[in-house]
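Next, two complexes with chain A in common: one pairs it with chain B, the other with chain C.
The block that comes next holds the complex of A and B.
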């Protein structure tokens, strides 16, 4: 049971070859490139959703920040589609791997910080000390703000990993419990099954929310630095 | 195939890769440095542990003695 619980998080391989790259590239197949002025229904719906999201997300940004529009939209689409595909039974979810999420978080966070230091050095350095800090607290607060800055990519990555992994584990556990309870008490198994359905609906929401939170935080870090 | 790749990917994405994402490339360099440091440290510690437990008496070289003293002092 214990070994089965974590087996779904192991990197998949077929005949000794790692197929993680194929799995990571798969969601892009679900978003065909629009080739006409008026496209088919799937592409039109996707375009409408992307326009809605990008309008809302980029409203706070200035011209410099809006150069990141493609990156932010790609990020939310990738994480959202990967998380949703991971809810299919027996599928592998790349965003359960901390290495993958750190690989997304560190370059994007570092990009925003370097942008801030490059174009607005004084303002970026001023972020290390909140306005109105009493004089004796300044050294301590500079240290605290530095630590909070350096923790941002870790928090981004671990938040996504933990949420998706925990959700999948819960689904595994409650699904296993439902199956085990069928032979013992059908009523209890039915109640557990209802809980499983509600949890799955929650996981659909969590999959999209976590994609949105990740992208929104990167967008906020960018806004602070542009 | 390469020509098609250049026409469909590189040409539309060139301003992003060359101008807009300069800082992200630096961030990717930082991330690869971190990955390299972690992997090399992991390889080094595994090689050292392998030396201790693979040798017949376990106290062969200066490195293994120092590491074993370190593991003993930490109660491992």
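The block that comes next holds the complex of A and C.
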């Protein structure tokens, strides 16, 4: 039982070859490139959704920040589609791997910070000290603000990993409990099944929300530095 | 309601002109001074000698010529005693 619980989080391989690269690349197949002025229904809906999201997300940015539009939209589409595909039974979710999320979070965060230091050095350095700080508290606050800046990519990655992993684990556990309870008490198994349905609906929402939160936070870090 | 504060409304004199927590330059200088202070502290603890004065005196004595001659004399003395005991 213990081995089965965490088996779905192991990197999959087929005949000894790792297929995680194929799994990571698969969501791009679901977003075909528009090839006509007026496209089919799938592409039209996708375009409409992307426009809606990008308008809302890029409203706060200036000219410089909007150069990141493609990056941010690709990020939210990738994380959202990967999380949703992971809710299919027996599938592997790449965003449960901390290595993958750190690989997304650290370069994006570092990019925003380096952009800030490069183009607005004075403002970026001044951000480490909140305005109006009393004199005796200045060194401590500078250290605290530095630590909080360095924690940001870790928090980004761990938030996504923990949310998706916890959801998948809960689904496994409650699904296993439902199956085990069928032979013991059908009523209890039915109640557990209702809980499983509600949890699955919640996990659909969490999958999309976590993609939005990840991208929104990167967008906010960019806004602070442009 | 007051709008966003600008640097122009603050007038500092002396050292507070460069180190304060209100204007942009002042905040930047405070941050840099804090980082500089931390760097100096780290440098100081790395470079300071870990040996006590007694250890230093002992090490100076043990590396001196007198000590080396005395050491040779003692080892020769021990060698002679061992030979005598064997006989």
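As a convention for this text, the second predicted complex is superposed on the first by the 226 of 226 C-alpha atoms of A that agree within 3 Å, B and C clash if a C-alpha of one lies under 4 Å from a C-alpha of the other, contacts with A are read in each partner's own complex, and residues count from 1 in each chain.
Here, contacts are C-beta pairs under 8 Å (C-beta built on N, C-alpha and C of every residue); 3 or more make two chains touch, one makes a residue touch a chain.
The shown structure was predicted, so the numbers you read here are calculated from the model rather than taken from an experiment.
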item	value
Touched partner set for A:107, first chain B, second chain C, both or neither	first
Which of chain B and chain C A:68 touches, first, second, both or neither	first
Partner chain in contact with A:115 - chain B first, chain C second, else both or neither	first
Overlapping contact positions on chain A, where the chain C interface meets the chain B interface	none
Partner chain B, residues of chain A touching it in the complex	67-68, 70-71, 102-103, 106-112, 114-115, 118
Of chain C, residues touching chain A in the complex	5, 21-22, 24-25, 27-28, 30-32, 34-35, 37-38
Chain A partner contacts - residues on chain B that touch it in the complex	16, 19-21, 23-24, 26-28, 30-31, 34
Partner chain C, residues of chain A touching it in the complex	122-123, 125-126, 128-135, 138-139, 142-143
